[in-house]
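Chain lettering (A, B, C, D, E, F, G and H) follows the sequence in which the chains are written, and residue indices restart at 1 in each chain.
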Amino acid sequence: MNETKDILQQVQSGALTVDEALLRLKLAPFEDLGYAKVDHHRALRQGAAEVIYGEGKTTEHIAGILTSMLANGERTVLVTRLSAEKAGALTGRFPLDYHADARMGIVGSMPKPDGLGKIVVATGGTSDIPVAEEAALTAEALGNEVERIYDVGVAGLHRLQARLPQIMEASVLIAIAGMEGALASVLGGLVDCPVIAVPTSVGYGASFGGLSALLSMLNSCASGVSVVNIDNGFGAGFLASRINHMERRA
Amino acid sequence: MNETKDILQQVQSGALTVDEALLRLKLAPFEDLGYAKVDHHRALRQGAAEVIYGEGKTTEHIAGILTSMLANGERTVLVTRLSAEKAGALTGRFPLDYHADARMGIVGSMPKPDGLGKIVVATGGTSDIPVAEEAALTAEALGNEVERIYDVGVAGLHRLQARLPQIMEASVLIAIAGMEGALASVLGGLVDCPVIAVPTSVGYGASFGGLSALLSMLNSCASGVSVVNIDNGFGAGFLASRINHMERRA
Amino acid sequence: MNETKDILQQVQSGALTVDEALLRLKLAPFEDLGYAKVDHHRALRQGAAEVIYGEGKTTEHIAGILTSMLANGERTVLVTRLSAEKAGALTGRFPLDYHADARMGIVGSMPKPDGLGKIVVATGGTSDIPVAEEAALTAEALGNEVERIYDVGVAGLHRLQARLPQIMEASVLIAIAGMEGALASVLGGLVDCPVIAVPTSVGYGASFGGLSALLSMLNSCASGVSVVNIDNGFGAGFLASRINHMERRA
Amino acid sequence: MNETKDILQQVQSGALTVDEALLRLKLAPFEDLGYAKVDHHRALRQGAAEVIYGEGKTTEHIAGILTSMLANGERTVLVTRLSAEKAGALTGRFPLDYHADARMGIVGSMPKPDGLGKIVVATGGTSDIPVAEEAALTAEALGNEVERIYDVGVAGLHRLQARLPQIMEASVLIAIAGMEGALASVLGGLVDCPVIAVPTSVGYGASFGGLSALLSMLNSCASGVSVVNIDNGFGAGFLASRINHMERRA
Amino acid sequence: MNETKDILQQVQSGALTVDEALLRLKLAPFEDLGYAKVDHHRALRQGAAEVIYGEGKTTEHIAGILTSMLANGERTVLVTRLSAEKAGALTGRFPLDYHADARMGIVGSMPKPDGLGKIVVATGGTSDIPVAEEAALTAEALGNEVERIYDVGVAGLHRLQARLPQIMEASVLIAIAGMEGALASVLGGLVDCPVIAVPTSVGYGASFGGLSALLSMLNSCASGVSVVNIDNGFGAGFLASRINHMERRA
Amino acid sequence: MNETKDILQQVQSGALTVDEALLRLKLAPFEDLGYAKVDHHRALRQGAAEVIYGEGKTTEHIAGILTSMLANGERTVLVTRLSAEKAGALTGRFPLDYHADARMGIVGSMPKPDGLGKIVVATGGTSDIPVAEEAALTAEALGNEVERIYDVGVAGLHRLQARLPQIMEASVLIAIAGMEGALASVLGGLVDCPVIAVPTSVGYGASFGGLSALLSMLNSCASGVSVVNIDNGFGAGFLASRINHMERRA
Amino acid sequence: MNETKDILQQVQSGALTVDEALLRLKLAPFEDLGYAKVDHHRALRQGAAEVIYGEGKTTEHIAGILTSMLANGERTVLVTRLSAEKAGALTGRFPLDYHADARMGIVGSMPKPDGLGKIVVATGGTSDIPVAEEAALTAEALGNEVERIYDVGVAGLHRLQARLPQIMEASVLIAIAGMEGALASVLGGLVDCPVIAVPTSVGYGASFGGLSALLSMLNSCASGVSVVNIDNGFGAGFLASRINHMERRA
Amino acid sequence: MNETKDILQQVQSGALTVDEALLRLKLAPFEDLGYAKVDHHRALRQGAAEVIYGEGKTTEHIAGILTSMLANGERTVLVTRLSAEKAGALTGRFPLDYHADARMGIVGSMPKPDGLGKIVVATGGTSDIPVAEEAALTAEALGNEVERIYDVGVAGLHRLQARLPQIMEASVLIAIAGMEGALASVLGGLVDCPVIAVPTSVGYGASFGGLSALLSMLNSCASGVSVVNIDNGFGAGFLASRINHMERRA
């Protein structure tokens, strides 16, 4: 609220005329009105990374944003949907750690985990791993401890059950699956923590690019399950981190 | 093959001219050509019931077909998709046993089970029971022992697991579920018998009238699963009976 | 884990033979194996209500379940998707508080709020209120303070902005909208708490029964947003409560 | 009407026989009948450019049309959906200004703006810019002043608000967005001018090639919004120009 | 801008402290910040009616809003999607003129047309007339002269051509059609004014509730055509009025 | 061409001024220009009936059109999609023959068949009969001999084969089926005449209101098959009649 | 019927035993039973070409079939969906005339037209020409005179009208269009001959690969229109030829 | 059950403490609880092959799994969805028999057929052969005699009928077809064995990647038909083998 207050005080003191104040109020960015200081609060509390969506941006564009962010003191910057080619071109210029599976680059150091508990990232199959890694790396970059439990699809319930103790310990669970997407319902029925379901485009034929898994997850008969977009590992990791950093509000 | 053979023998003996034979061959029903005596073989082997699809038929229409079938010696006739109103109108005139849940009427006596094993009919929820009863009654009327295991949806895996011993004994398994339809995948991964999946229109919103469960089942990551139309309990029961009556062919 | 442990101790002591133990292990409900004591933990921590899904259940069915639950000491039971007719029939027999808007009945007393903060339930229009009330009442019955902010659709941004101070205070935000479903994205960009988006079937024409809002919410360009099924107010309220009761895990 | 009138006058004067007149009337282009002199009126009033849809046309085909148009005195010709390769091949032969982003070539000089006001072209993200540039260049080539306001997606409402003064000044507003397409609703609720919404195919997963943004925009709860085809920047620019050149009709 | 200015002046004069001003600015409706005085400007310029969306509102709800609007001096109020039953109940209490076809009630007197020209409302068939009347009455209530040209579907091109002189005079054209929705393209190719296409749900089978006409109109090969939601006569009338009241902006 | 010629001759003779001629040409119905005398030619050649689409028209509306048509000398008028209620109300006032199955009323006498051959109308099941009757009656009313071959679905190929001699004699074949719509392909492969396929909305679940049969028919691997809208018996009968009345053109 | 008759005569004469005859009847191709001599009748009457669907066949496969057909005396063979590469490889070995636009090869000489009249092939745009050429060449190869009328889309009604005299002369009309597919309805309303509509995949965005044009054509408000698959020029040409060779049947 | 029993016996004997037993029970794979010894039973009874899904796995990944399986004594391993490139790289290192059509590699020797009868694999066209070969090879590798009957689409019923004797002998029938998918219904009506329908993505336009055949098969009016995913030859072969190895259960 300080900028608005500042304007008002200058009006009070006569340093600004009413019309000048009017103009400045119109131009002031929204957060200055006091209700959207979101980003700064979050950064302080979570040591949160900044994120660049790499898809459709040129290498130069990404480099420019990175330079500006690092100059502003960001310690961790995620670049999502980053192709190997662009990653190669950026590597020489930035301290970039590239994860080919997840198509994600991480510039800077990873923060220490400071969440309420562990975020468990589970996948139905091995083909879902790229999406899972995007989720897991995102959560780690936002200050979470992450446990990966891959290839525990419901058609092999014994593999899933062998990992249940770890799954049950999750503070937040990210369930990632393509094809029939049943993992979310099965896990959702077992755990008592929030479950974020990520449908993937893994499959063929009547999977229709992830539609099958998406609908399946939306119709989950388990309570406590919500869904993000197909292949949206980043979104799941980001939301899981938010939930894993919940704290008491006055 | 007898009718065609009969015609040929009459040509041989001179009882039919070539042209008369030609005409009769053209008009002869297909099965007379020897490759489609399906129904009769099946009836002998299975004591199979006949079936009338009741939807869109008037009570009088159904009554007429029933009368004709019974006159032909059928011992068991199923009337599917039969409304309570029509059932009431038929009850006085036929020995009709009406199952309101399944919207199915059974005229005559049930045959003794003579299949290879038990057909298990499992549902995800209680709302799937009407479809399940249609499947179960169909299978029973076709000479199968049926075990009903209802309300074992995957979101409550412990309920499902409590019934696993019976499920594992199935000769054929019918998995019936709406919403996310995950039951088929989970059971398909546990059993080693053929699984017939029946999506139901149970659900709301993004279940889109059963589409969600249908796609989910078609994309099952479990092997040994095939799918019939949404809410098609009859089709599942019929096919299960066929599989449960498999026998060695020369 | 106590039941399994109990069985093992009885084997150790000779009170059970190995085969008897084997049988009891097979039949034991899943949670007895130690990894699914979900419900009991939750009940203790949240004073959580039990839930009956009323759709497709007869009045007698609901009454039976209610009787059993109350006998088991449940203090709060929600009956969702409960028609006014069934509610009328149940009122004489149970201490039922019926909310016609939400089509929800609540039996017993509401628990005291014990969550981390306030759950804010926001809707785009007045037609979304039934879904919102289902969400809000669910959350309240699970021990949350709820603030209702209705009719703040994005086409009237000033109404939304007038309520921003309350919205910004949310611990968890439930954004409910039909038609174009933009509310989730707009609010998702403003707040720094988890956002649960609920598409509603409000609309006509190309809203296709909620599909438009559903897709819109899944594609939200705001981070921290996840989605539940169309019109699934209960699911949103349940998940919001889970998030609002997050606590540190060892 | 002059050609038809001319024919009639020649009949009156005897210069044409009735049958010759009949033949010429049959062959005369529609506009000669007096109700479709669209193109000429518009050209006079707007200094409007001609347009060639480049997709699926060979370089030679485009060159031929260009030559003919320039010979007919066109001062500005737009070539839309023009690949860089074809543009390269045409550059030597025509005064072609190629805009790679918009995949649009402009031959000739831009007309002076003569509309009622400014056309504002706003996008939700940077990936929507190619479509926006197609719209903006089209509008400029048709004689409009255009203001570009890019990357003001609703998830960052403060960026949008910082640009509101310019947005509010729009005579016609073109709102371009992919993903959830909420920009159209939010802007539609703020401005009092006609809003043309352009869904883009930007997005992934459940954006289904622009379907999500399309449905969202069609269901906009804001009044005064209409929609053109996915990625149809040209159509939006053309229509915006028409609206921006409205004038009193007798 | 007066309310914000007023606040600033009170700060200047000392009538308000800075903190009091801060609070009032936060709570002030958005338009007070100077960029959203939309409604008032429009009301002055157009004599525009206010609108109540009647669907899903109770009679009492509608009556309440009406009372408040009339008390605020509104001269014309539209109630859209108003059932005959509700209209009957309101008639005694308000000067309501009910149009059963359009399911629209108009309270108060119609304003004088003050637009740039005539709005032509054309339909493909007679079944589209309810949607057309909604559009036409909306436009009239917002101060436009409207010409109705109904049942000029493209399969009877001669009927359409007989009305071409009137169609060609349109300042804005609203093209309303169900089934294949071709009217928009045909008219869009003939006229040189903005065309607003309204798909209707008229049709059966593969019209899929208006989807066929909707897609057809979005893909119109004619320039200058944009589309609103299926059956959205109101939206078309409102936008047409906006376009028909375009004026020069500084 | 006579009206246009007439106008020209009057110009030639001086009976009309050029401007009067101009006006009359503008207003003259399209067919007067000589290329659309369709209806009259057809009436002469086929003794064709006129058609009223009854859906959504009031009884009075239908009565008015009927009166006008009969006054104009029409001998046969079809009223399609006519409810039993409206038919009852019209019966007293017109010589109406109502076919409840087809929901079609026929006013006047049926013409003598004068086509090239027989039109065969075949259906897959008994539930398709209403659509088939609409097709058959339409064709009869337009002067065709029609043979009905109902309930010859491909799952009972012997029934179909028993009727093959009649099917093979068809001049035009109308194949009507719901569910999987395979009849069109099977018959299309057998006959050498044009096949018009009519998908019906008969079915449930994944038939999606006729979509399954529609897609199936469009993808027919048999040549010579084209498709009309779901349940469009009238359209099929009309087109079949056109084909059955083909004649040599100069 | 000769082969069946031949078998019967051999039975009569004793040259075949009944069982040998039975076996031969079983193996005999269907047409020998007398009801499917389609191909031969057609060949005699139309001088019809044979067709090879080239998609997914190797060059060697196509060459083999061609060799066999030419050996059997075929004078004209069409190879549809033939890539330029395969055409190049076949050219040296067969008298192949390759039409790159239509992706069609024609081996042998074109037959003389012997139909009832002209087949007119009309397209909405120039991008539809490949499909149109496939239709036109097919029809020509099957013995029809074809008139091509391209680029007469409904948005430029005057171009269409300039060609109306030729269109009106059509014996059969093939209307080919992508995008909104309105051409079929407009032409269907003008002509009195059968219209075969071919949707094309030309378009972008909400044309969804031809779905828009397909639905539009299926919902045509013009009578006498039927539809074939998207881009199915061959099917349209084949069916048009069948209709154009209609003759009186006993 | 032996592992669980073993644990219990060790508890009984004092070799394990209760807590150690508890831990081992938690970690024991699911099948050790006695209800999921599926794989081993099947291997003994069927000589069944193991399967590796090759899609999305690297050559090294596949080689690793192969090595491990062969080391475990597997005699036959299928690698499905294996590209020619990867097959080439594996050939030197394993006794791999690569089937390019089916994109399937088989390592090791084929088992002897030991099923109840023959599995017949039928296709509608030659383009469906890759899917058919995947099904046939799978069934052969699982110990079944397979008869391939290709290119018997329903549009050429005589070709299908010529092969009917072999088709009628099937113990299980796999019906594979793209486009309209009618083969399943036609064959389903002729045979009395279970039919597994496999829709393929063969087709274009409105086949929508196999959706048309899928819906068609799900809606089959023949009883005894069930459906697997589009192009899922493996799943069909696997399920057919299961059915063909049915045996009496106690």
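Rule of thumb we're sticking to: a contact is a pair of C-beta atoms (placed from the backbone, for glycine too) under 8 Å apart; a residue touches a chain by one contact, two chains touch by 3 or more.
The structure presented is a predicted model; accordingly, all values stated were derived computationally and were not measured.
Shared contact partners of chain D and chain H, listed by label: A, C, F, G.
Touching chain A and chain D at once are the following chains: C, E. When the CA atoms of chain B are superposed on those of chain D, the rotation angle is 180 degrees to the nearest 5. If you average the CA atoms of chain A and of chain G, the two centres end up 55 Å from each other. Between the CA-based centres of chain A and chain E the separation comes to 41 Å, rounded to the whole angstrom. Put simply, the C-alpha centre of chain B and that of chain H have 24 angstrom between them.
Multi-chain contact residues of chain D (touching two or more other chains): 26, 35-36, 157, 164-165, 190, 205-207, 211, 214, 218-219, 223, 229-230. Here, these are the chain pairs in contact: A-B, A-C, A-D, A-E, A-H, B-C, B-F, B-G, B-H, C-D, C-E, C-H, D-E, D-F, D-G, E-F, E-G, F-G, F-H, G-H. Within the complex, the chain A residues that touch chain H are 126-127, 157-159, 161-162, 164-165, 202, 204-207. Those residues of chain A lying in contact with chain C across their complex are 35-36, 38-39, 41-42, 51, 116-118, 164-165, 167-169, 171, 190-194, 196, 214, 218-219, 223-230, 234-236, 238-239, 242-244, 246-250.
Only residues 26-31, 36, 55-57, 199, 201, 209-211, 214, 229-232 of chain D touch chain G when the two sit together in their complex. The touching residues of chain D, when paired with chain F in their complex, are 1, 4-5, 8-9, 11-12, 14, 18, 21-22, 25-26, 33-35.
Every residue of chain F that touches chain H in the complex is listed here, in rising order: 124-125, 153-157, 178-182, 184-186, 188-190, 203, 205-208, 211-213, 215-223.
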